[in-house]
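Here it is: the structure, laid out below.
Per-chain numbering from 1; labels A, B, C and D assigned in written order.
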Amino acid sequence: MQDFSFPAPPTAPDTAELRAEVRAFLAAELAGYPAAKRIRSWSGFDAEFSRKLGQRGWIGMAWPKQYGGHERSALERYVVLEELLAAGAPVAAHWIADRQSGPLLLKVGTEEQKRSILPRIAAGEFFFCIGMSEPDSGSDLAAVRTRAVPVEGGWRVNGTKLWTTYAHHAHAMILYCRTGAADDRHGGTSQFLVDLTLPGITIRPIADLSGARHFNEVVFEDVLLPHSALIGQEGDGWNQVMSELAYERSGPERFMSTFVLFVELVRALGSQMTPDAAGALGRLGVHLVVLRRLSRSVAGMLQDGRNPALQASVVKDLGALVEQEIPEIARQLMAMEPDLRSHDALSAVLGYSILNAPAFSLRGGTREILRGIIARGLGLR
Amino acid sequence: MQDFSFPAPPTAPDTAELRAEVRAFLAAELAGYPAAKRIRSWSGFDAEFSRKLGQRGWIGMAWPKQYGGHERSALERYVVLEELLAAGAPVAAHWIADRQSGPLLLKVGTEEQKRSILPRIAAGEFFFCIGMSEPDSGSDLAAVRTRAVPVEGGWRVNGTKLWTTYAHHAHAMILYCRTGAADDRHGGTSQFLVDLTLPGITIRPIADLSGARHFNEVVFEDVLLPHSALIGQEGDGWNQVMSELAYERSGPERFMSTFVLFVELVRALGSQMTPDAAGALGRLGVHLVVLRRLSRSVAGMLQDGRNPALQASVVKDLGALVEQEIPEIARQLMAMEPDLRSHDALSAVLGYSILNAPAFSLRGGTREILRGIIARGLGLR
Amino acid sequence: MSETSQIVRDTANRLFTERISPQRLLGAETGAWLGEEWTLIEEMGLPLAMVGEEHGGVGLDDVDAAMVIRVAGANAVPLPLAETMLANRFLAAAGLPLSSGPATVAPVRPTDRFHLERAGGGWNLSGTAHRVPWARSAQTVLVLAEAGGQTFAIRLGDGQVRTECAHNLAVEPRDSLFVDGPVPDTAVAPLPEGTGIGDLMAMGAALRTAAMAGAIGRVLEMTVGYANERAQFGRPIGKFQAIQQSLAVLAGHAAAASGAADLAAEGLSQGARSLTVAVGKARAGEAAGVVATIAHQVHGAIGFTHEHSLHFLTKRLWSWRDEFGNEAHWNRLFGQRMAEAGADGVWPLIAAL
Amino acid sequence: MSETSQIVRDTANRLFTERISPQRLLGAETGAWLGEEWTLIEEMGLPLAMVGEEHGGVGLDDVDAAMVIRVAGANAVPLPLAETMLANRFLAAAGLPLSSGPATVAPVRPTDRFHLERAGGGWNLSGTAHRVPWARSAQTVLVLAEAGGQTFAIRLGDGQVRTECAHNLAVEPRDSLFVDGPVPDTAVAPLPEGTGIGDLMAMGAALRTAAMAGAIGRVLEMTVGYANERAQFGRPIGKFQAIQQSLAVLAGHAAAASGAADLAAEGLSQGARSLTVAVGKARAGEAAGVVATIAHQVHGAIGFTHEHSLHFLTKRLWSWRDEFGNEAHWNRLFGQRMAEAGADGVWPLIAAL
């Protein structure tokens, strides 16, 4: 049985001032921004907003200054993230780059990659998407078929990536693909830094069940990548991807996706709340507080250079349950019909939440996969 | 995908009179019988009470008259069963014999077995226990090790049966054991009718987590059974056991184990129930009504000679969830501490329910096993 | 099931299965009215299913009528069949002319009420109802309103109402309906003694229960089928025990929803007096949420796309469970009846259902 | 964790692990008082853990004191350690003599209150408290009561109370306590301004949260161990995905309970002013139920027997979650605070915890 403990989050230097600063910024920037948009939370795309955050120094916060970072602590970064999410700010444009593409490059990228890319990410001007999933490789990442073949001057890539969120707005992709033998499930894969404007790349939209577009299919047809596109070691893709997972799975975005609905629910119930409604709401709040504690604990472990992949899986698994439970409890408490396009904020926010909730336990590792990881950590597999 | 449908329960001849008769009987017999005992429901043992039921013709109701039965319909029998459970009557003494041992003998027993045993069961004077589980064979029934070896004059049995409910009060056991090769998982097993007074049988009590005794270990040491003890065909044990399961898993005892608590909860909440309490209680009532519908549907299918093993598994799986949910909801609504020995009826009944609830999804087929059966029925295995 | 029932069911199923393609469903989501399909449905006489032959209807048994809606639900039929059946039932009961095209009913929410009063030689009707199904497409709107202690049916035509578009999550019309003006005597008639607005709610709930049971059954089939096809880690995902256990839970709720719909259908004729409608709508509504969740979990990302057909059903389940009273509404009603019956009356109440 | 904390924790753990055998636990269930173990606990100074050195205590950090209770919970220690720690904390705060033996506190239920009034030169105290832990074994009972707008600590000895035996599901004493009579001035002292009966409830809740987190951690270990040992269908049941997924859920709740206990321990010193105690007790209580359910499901019949040790822990989880306020109590309190904060105050309230 591996260590499952969650140490107390680091006692950061006082973050009250930073928090107040972020709140003031958000109050000004998002004045009049309606709840129906806030509920999109970290799926809301606004390049201009991301640029403003970059200007405030709130992207790449913990990175070295030489790469455009600000050398702030993990807990300070956490304060900014959670304030953005609590306000429902549109942060999708830079979220992936800030959360995992940048840290990956920082950890295993070449000096050239770091110098050319990180400052632009931190400025809120360079956006990433993740090229992991494929038509036959969803939960089974090791089954990727997209392949990079070494050619003169670099690599030639062929294959198809699927469910690539905001590929149509991103500047670059971290591509995970096969570079070795197909029967080497984990060993024969690598990661590449892909400029999405290269010839041979086609990005096709996929509408989600509500008709909204954020997914894409990204097809690679004889795309030529320079040698310099390789990230880290050839053949080390699997290990590199695995080490990203703790970043991907432990943040506040893993339990706050419907927080805006929670707030609107409190607003709608008002101060004449029945004891039972208070109990139902209180319970959700209690869950959020505990998740926040665990999530901040993981942030601290990441800062200390540990690999809390197991703890991150726990946060994401528990977090998705609460995110999904909020709309179910809301509709029973309010007896209202959800309507995505309603003028009534609560009905619209509820509609959005119900339609999107199934994704919470699919994206970033399905519930079954996460529980399998936890079971392995328990020593059962 | 097999047929999962639940046809409408048969429209029985009017059962109102029978129901009234049973209620009158129970009102008289159980006057003053406290809730703390009623909650034991079909675990409550009272040989005298069973005898009285036999005298009223309410055991073996659907069996042929020539074997002491009363040739009533399955729905009439169902009325008696559910009235007994709703009242929390102590029916454990005859329950197993009436539900499955008798029907098994009726189906595959010899004329001698039927003539000698069935009338005594129907009279409420002959009680059975089930010899299926063993130390290493709980969910995995095919792994039984107890073995009957053919010897002159019959069979010699050696082995140990476990979790044998009320073996210490029963007259006989239906023994499931190996008679063929150990590597023939399903083929080499048979069933026997075992007189528990035979030499070589030792019955040892096993206390449950509350210290109560109803489980036993039953050890067979060179026990000699006559040829006439074999039930059905040698080697056909597995198939015979499987065909018992629909009887074992579909009855009202599979969702009414905490019904007495439900009633006491309504009593405690009284008429000034808050809307939320009414909603929580109403939901449980709704579940019970639907389960009753499905359960009666299975009773009808059994009467028609069909094998609704799949539907029975659904009833038991859904039923155990509701039985287990009732105490959880009760304690949140009443904010009381459960106390098995309390003078306060609700606290005692709640205590009993909490301590026993885990067994509901273990006995008679664990939740995982039942869901595996359902998955097989869906065509997934 | 009688032979007639079987024929009606099979014929309706054949029609829906053939005609209600994903393309038609996508069209309906963009606001298209499926006129051809509606004509075929009318030719089968289905809008008159719940009207007795003596009133010019088809006179199906109510249980059979509910079965038609169940089949429609399984096919996500984006047309106001249940609403038209209901409208005609009430029109016939009041002795008013039946609707010759698609119709709807109002009010459909427990809190909405219209105001009806005598005005000159006729009547004046005013009020607003929200979330009225298909109001924009209805040639006839049946409104129920109380006046002087009696419940009246009011038959309104196109020009007499104003609608504002709104939708449920499946993008089916759920419009706001505004009425304020005179109604001639010929369009207003009292309903039989004992029939009230609550009956409309209850009958609507019973039909939504049927539709949910149909959709749930189809979702179960689709999800099992997908689990047997989709491979990950070298074998169909349906071979993984985690998926099997989830699908078993789905199947259990599907069975419960089916039983719930049977109970509701049997109570349909009794309207608000029926407790089995309350039971059915509450239980099927609870199943709807669980079923949709598991189905999407098993389908993974593909089921989350507009191209895949799963969402036509799941979006309806997420909508229908809240229409004509959500689970909380009906659970509470049932709980209150139990409270009134008292502890020792709970079992007799349950055993009578 | 500081070095001292580590030492206290390890020493306590060693003592409990060595001494609290299944035999001793069975003995405790039949009413035996584990005097030898209590003496060893006293020798370690644990009953004085929450009393500052200036008052003759050990002066552990409250977080460390909670950790001792966590370790005790993991070992199902059937002794009034938490209660004695609490009693001494309040006695010291009031400047009354500490307890020289096992002690307990009252009232422990939100609805129980004692009546204290001046009588002659001393006081008169009357009232009843139910579910008082270990009242029958306590040499000292600390009662809190209000008089004239102030909260007083009252130190009662053996002869001044009458008890009636009752138990929780783990057969730990949870007695009714009756008081009616004079109390000398020397046994009554006011608590510092701002300290009230609510603080006793909250601090008790924080310690029960710690105990639950300890027990849950041990249940997780036991259940994983059992799953790796017990074979069915030819392999350890822990190899079956259905069991793995259940154990992952258990581990998730165990993590949450551990975090909840950390939060509660950090709020311990603040008593009723701490919202993290409310959060902790509610969340750990919810985890307790889920964890016990899954543990028993995985253990199967063997875990349902008196011989197996699982029930020593699960019966305590089923009891402790309801003591010092159940989930509903604390969830409601937290919900009411959110309602008071208003929609736009919810996030600041959460972010401050």
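Basically, a residue touches a chain if its C-beta (ideal position, glycine included) is under 8 Å from a C-beta of that chain, and two chains touch if they have at least 3 such contacts.
The model shown is predicted, which means the values in this text are computed figures rather than measured ones.
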Comparison of A-D and A-B by number of C-beta pairs in contact, larger one: A-D
Identity of the chain that, by mean CA position, is farthest from chain D: C
Geometric centre distance via CA averages, chain D-chain B, whole Å: 39
Chain centre separation (chain A, chain B; CA means) in Å: 51
Where chain C touches two or more other chains, by residue: 240-245, 327-328
Residues of chain B engaged with two or more neighbouring chains: 275, 277, 368, 371-372
For the chain C and chain D complex, residues of the former touching the latter: 240-242, 244-245
Chain A residues within the chain C interface of the complex: 133, 136, 138-140, 143, 162-163, 206-211, 215, 324, 328, 331-333, 335-342, 351, 354-355, 357-359, 361-363, 366-368, 371-372
Chain C to chain A touching residues, read off their complex: 29, 131, 166-169, 174, 231-234, 240, 242-243, 289, 292-293, 296-297, 300-301, 303-307, 310-311, 314-315, 318-319, 322-323, 326-329
Parts of chain D lying in touch with chain A, wherever the complex brings them together: 220-221, 224, 227-228, 238-239, 241, 243-245, 247-249, 251-252, 254-256, 258-260, 262-263, 276, 278-280, 282-283, 286, 327-328, 330-340, 342-344, 346-347, 350-351, 353
Complex interface listing, chain A residues touching chain B: 274-277
